[in-house]
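In what follows, chain A forms one complex with chain B and a second complex with chain C.
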Partner chain A sequence: MATFVEQVREMGIKQAVITKADEVVERVTAGMTINDIRSALRGDEPRRPNPRLRPHADGFWLHIRPSFYHTGVTHIYPTFRLGWMSTFMLVWETITGLILMVFYTPSPLVAYGNMWNILGNVPLGQLFRNMHRLGAEVMVLVVALHMLRTFVTGSYKKPRQFTWVTGMLLLLFTIFLSFSGYLLPWDQLAYWALTVFISGGAAAPAPDFVNNTILLILQGGPALGANGLLRWYLLHVLLLPLLAGIFFFVHYYKVVLYGISLPPGREEIGEDTAKRVPKDERSYFIPDILTNELMWSALLTLFLVAGALWLWDAPLESHADPVVTPLHVVAPWYLSWSQGWLKLADKTLVVAFIPLLLVAFIVMPYIEVGKSRRYADRRVGLTVAMLFIAFMLVSNWMGSPEFRVASSPDREVSIHMLPEEGPGGLKGIPFEHMTPGNYTPGQEIEGNPFLTRGLEEYEHAMHQQSCTLVGNEMWDECRVETLDSGAKRYSNSFTSDAMPDPFATLEIVEIQPNLKEMVLRYEVVNPENPNELLIDTSWTSFRHADSNYEEECQFLNKPCPID
Partner chain B sequence: MASQAVAVQAGSGDASGGISRREFLYYIWGASIALLTLQGAGLLVWFLIPRFREGEFGGTFTLSVDELPDINAEPVNFADGRFWLVNLDSEQPNERMYQAEDEPNPIQGVAAIYKVCTHLGCIYSWTPANNRFECPCHGSKYRLDGRRVESPAPRSLDRFSLQAIAEDETTVLAEAELVDDFFSPLVLPSGTAFVRIDTGNRKDGPTEPLLCDFAGNCP
Partner chain C sequence: MQIKIAIGTIAFMMTMMVFGYSALREQARMERFANAELGRSIEAGAHIFASNCATCHGIDGTAQECYDTAGNQIACQGLPLNYNGLLCGEPSARLTEMGWKGSKAAYVESVVAVGRGAIMPTWSEQYGGPLRPDQVRNVTNFVLNWESEALCSQPLVTYEWPEAAEDFLASADVTPPGDPVRGEELYNVTYGCVACHGALDGSTAAAIGPALADIQDVGGTRVEGEDALQYVYHSILYPSDFISPECPTGPCAGPPSTMPANFGSRMGENPQDMADILAALLQP
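Take a look at the complex of A and B:
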């Protein structure tokens, strides 16, 4: 081989550089020259011997990828690209997660502060957090749909049973990965979701000392704290990605080994021709599959970036408080079904049922051994699957906020007016318009449209809640009378002469310069003895001049009731 | 090569011809590796059990009797120790505290109730308008003394050990009695100036019927 200097002498500098570049490209691609690449992109027939097969034979990156696919599996149906998308999401989560790790420390002292730093200070920090969180949810969805597809087309049948088993494990790892990341922001949502989840894990049908040990190991102490956060962090960034990575390769090796199963109608019953691809049915990886995958990468990236930018923001509630559980706690949507089950049955039953269900899923391909993958021959199996999906949808719905635990009417009104988390209700009133004083629902304040609007909303919320105490034995009936003046009298918990209800008040106090307190107070008088207060409760919320809730409404893309 | 020759001599190449010494030693070796792995797994569990002092979040609390709530009044919250203090007397019933059909003896005295819901570990709170403890997570409800009103809680609320202490802050005048491995409320003897709550000594609440079953208003 001539050296570069010799080549320059021989063919001139331009030609020598081109030859050198071609050589480098051929080495990097493990066998394709610039002309080979251009011919592949043009769609020409490959020369013989086919250089497009060499990256598969000699290169590291493509040695696990097949050099051609059956044309029967390269369309949207039957794969819907879901397996590939799951892989894409795993890579996506790894990249965005690594970037977020740079700005995160797993300690209760700083974790929450880190989150605000990422949101407000790190360039593109909020975008990366949104993309990571959105990606986590999309990944759970994509992996679940991938399993569903594999079941529906019967692709898990012999010889692909073990591929299905590893797939089930990957689904489990995906859910655990998504959920273990839940704790890291160390906000109220994170803390209480994990507390409930861990307590569930420790409700196994086992002796007490086993459950107590599970609880201690998962919490890292008698309650979630610094040790617990560190444990879940390590699970999230080390153990689970490692397991998911290992099983991904086991899974993909089996996929390549047996080939992607053809659509059920394309082969004879009982045949498996995925690996016997006739010459005219081949779709080569280079360039067709590769460019197709690049297109899907671009589309998914576009969807995730656009979603993270404009459509959805990752939630961040207030700092975790181990002694206060917020009023309306909900499970993440992909665990909503378990929340629904917990309303139906004892927790030990639910906790025992979940692993049984998992085992049932894992052994499914060893039970459904009928040779045919055709839909018409699998009516029982598909019916059972549809019933199961319906059952899960109903369970999910039962676990949704629709069926959240309702508190007493005064708390429900208060939480509507002064939410525990984020902006909304009376928090939308600009600080300078929060004039100290006592106000009643529906009162009109001259020259203060914000407060007037807030009190109007207060009256509306009272209207909605004022008859909800019917179930309370103290007030057996909800009576609404219209007085001569046109005002309405509600005879129950929020008894009053008329709306606006004099027994529900909003009190605004300036307790320090730049710090105001809003108190919603409820007093219920005994109908038999006007001097006796049956209920005397209040709900307090502090508001600093710099809280900027009214601006936050726009920043968080949230609707502000008062504007 | 030599080993193959030995194998051929010993078993004549027939696997059913009994275990050779070499094969036997391999099995023993394999079994010891399996045992070692099991031990390692056991050690890992032991290693993962967190080290902490019992009652780490609280320890022992000594409170003046002035801090106790009135009889059958709303409970008093001690967030540091993660307990509620209640003062009960079912002989003077009100909507917070009363005697249920299956309770033959009056319930009287002071109790320290653990703040954590027995269902899935959330912190329940006192809901004044409904006169009971309510858990925001899955809706368990409890009477003032911690007995279950509504499920899904599997048992009544847990209690801490409680002592009545005299003016000198050392003499223990009385101690909450254990009945069926659960602390009964303690009627404070005269001369009690302080109560001492040991958050390291907690007893699980009993599994009694739901109170809403008696009222017939279970959801």
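Take a look at the complex of A and C:
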């Protein structure tokens, strides 16, 4: 082989550079020259011997990818690209997660401050945090849908039972990955979701010392603290990604080994012809599958970046506080069903049932051995699956805040108007529009549409929790019930515990430069005894000029009075 | 296939445009968030202050108006915090007085964390108190947020105290003689002297400072050339000038004295308070 200098002497600089570039490209692609790439992109027939197979044979990156697919599985149906998307999400989470790791220390002393640093001090920090968090949710969704379609098309059947088992484990790892990341911001949302989850784990039907040991291992101490955070951090960034990575390769190896199953109608019952691909049914990886995957990657990236920027913001509540339990602790949506179950049955029963369910899912392909993958032959199985999905959706809804236990009517109004966490209600009013003074629900403030809108919301919230005995037009008529104890209970069409003819005010005081105090006060005179107050409470919240609740309001689906 | 390449390329370019768009607006976004952490920390600190600190330091931090849990007004036992001597200037007058070499924020944070004397409790869980480090920081940020131009433009000393008590009582600012009944109330409630010095009738023993039940007799013996009136008057204004020999826990510490040196400025807003307290302390 001539050296570059010799080549230049022989054929001139231009030709020598082209030849050299061609050589480099051929080495990098493990066998394809520039012309081969161009012809592949044009969709030409390959030359003989086919250079497009060499990256699979000689290159590292494509050695695990099949060089051709059955054309029957390259359309949207039956795969919906969900397997590829799951892989993409795993890579996506790894990349965004690595960037976030740079700005994070797993210690209760600084973790929460790190979040604010990412939001306010790291260029594109909020975008990356949003992309990572949004990606985590999308990944759970994609992996769950992937499992669902595998069930629906019967692809778990012989010979792919073990692929299904590894897939189940990957779904489990995905949920644990997403959930273990939940704790890391060390805010109230994270802390209490984890605490509830861990206490659930410790309610297993086992001897006390077993449960206590589980609790100790998961919390790293008598309560979730520095050790616990470090453990969950290491789970999140080390152990679970490692397990997910290993099982991903086992899973994918099986996928390649048995091939992607054809649509059920494409093959004879009881046969598996995925690997027997006739010449005219081949779709080559280069260029068809590769460009397809790159297109989906680009679309998914666009969706995730734009979604993280415009559609959704990762939540950040106040600093984790082991002594203050938030009024409503909510599990992430993908575990909301378990919270729903807790309302149906005893904790121990639920905790024992979940692993049983998991085992049932894992062994399902070994027990359900019906030969046919066709939908018409699997009416029972598909019906059971649909009922199960319906059951999960209802359970999820039952676990949602909509199905929560209501607290006292004045408190319900208060947490609607001035929630303990985040923006919402009156906190979303721009600071300069919070004019100090005393206000009543529904009051119209001239020249201050923000406050007017807030007070309108206040009236609306009061309306749901109030009723009238004296014909006040603001509230609905009271329905009165006498309880066994002799006390009266007042209700309206929204709630069974309403305030009869309440007197409510909002007071705004500037207590420090740039800090305003908002106090909601409620007074309800006992209709039975005019000298006695049935309710005499207040709810205080503070709002600093720089707190930036307005920005949060734009994203979260909360009634912020910003129009 | 060509259409897929086109779609993918367009999606990729759009992603880059979205990135570019957000990068262009990033500076402004970061600025909106820059002080958000501090703002929310102050909000959290306001909650902590209202439920833990206001009983001693006053609802507005001036140590003028304190309420117990039942809502009755009680003596403010703490020092004023919403006070220019503490918050204005770096170092502020208080820092100089205490010989503190660090920053104002560090001073407030360390006092909140560690506590001082028998009255100010330890708050940080690091030293056995109930608050986490972030909560100590929150309440510190809240206290420091009282610093404002309006506060700092007030003179530190609002009243020019005459050197001799006689001249003070004879001046036009007071109506002599002082009212001992009101004086005792000021002693017990408004200025909270009772917390350290015990009750004037002896019903509560002194805790830190010397007992003052018989100060009208012993006051004249402490400093040569000062009678009881002048001695008490002088000691309220400048506690470190003379350290009393006997405190309930042994010899009194100092100088500087453990007693706050800011009563002169607090009473300066209403000099009659001084006259009334003197009357209460010196009544036979």
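The working rule: the second predicted complex is superposed on the first by the 440 of 563 C-alpha atoms of A that agree within 3 Å, B and C clash if a C-alpha of one lies under 4 Å from a C-alpha of the other, contacts with A are read in each partner's own complex, and residues count from 1 in each chain.
The definition used in the following text is that contacts are C-beta pairs under 8 Å (C-beta built on N, C-alpha and C of every residue); 3 or more make two chains touch, one makes a residue touch a chain.
Computed from a predicted structure; not experimentally measured.
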Checklist entry - Of the two partner chains, chain B (first) and chain C (second), which one does A:328 touch, if any: first, second, both, or neither? => result first
Item to check | First, second, both or neither for A:43, with chain B first and chain C second | outcome: second
Checklist entry - Given the touch rule stated above, what does A:227 touch, chain B (first), chain C (second), both, or neither? => result first
Next on the checklist: Once chain A of both complexes is superposed, is A:271 in touch with chain B (first), chain C (second), both, or neither?
Outcome noted: neither
Item to check | Partner chain in contact with A:515 - chain B first, chain C second, else both or neither | outcome: second
Next on the checklist: If we overlay the two complexes on their shared chain A, which of chain B and chain C does A:318 touch? Say first, second, both or neither.
Outcome noted: second
Next on the checklist: Tell me the contact category for A:546 with respect to chain B and chain C: first, second, both or neither.
Outcome noted: second
Checklist entry - Which of the two partners, first being chain B and second being chain C, lies in contact with A:444: first, second, both, or neither? => result neither
Next on the checklist: Just to be sure I read the superposition right, which of the two partners does A:200 touch: chain B = first, chain C = second, or both, or neither?
Outcome noted: first
Checklist entry - Taking the contacts chain A makes with chain B in one complex and with chain C in the other, which residues are shared? => result none
Checklist outcome for this item: Within the complex, chain A is touched by chain B residues 45, 48-50, 52, 55-57, 79, 82, 95, 115, 119-125, 127-130, 134-139, 152, 154, 217
Checklist entry - chain B touches which residues of chain A in the complex? => result 192, 195-196, 198-200, 203, 213, 216-217, 219-223, 227, 322-329, 342-343, 346-348, 405, 407-411, 469, 471-472, 474, 493, 522, 524, 535-537
Item to check | Complex interface listing, chain C residues touching chain A | outcome: 1-2, 4-5, 7-9, 11-12, 14-15, 18-19, 21-23, 26, 29-30, 32-40, 42-44, 46-47, 50, 60, 132-135, 142, 145-148, 150
Checklist entry - So in the complex, which bits of chain A are touching chain C? => result 41, 43, 109, 112-113, 116-117, 119-121, 123-127, 287-288, 291-292, 294-295, 297-299, 301-302, 305-306, 309, 318-319, 321, 511-515, 517, 540-548, 551
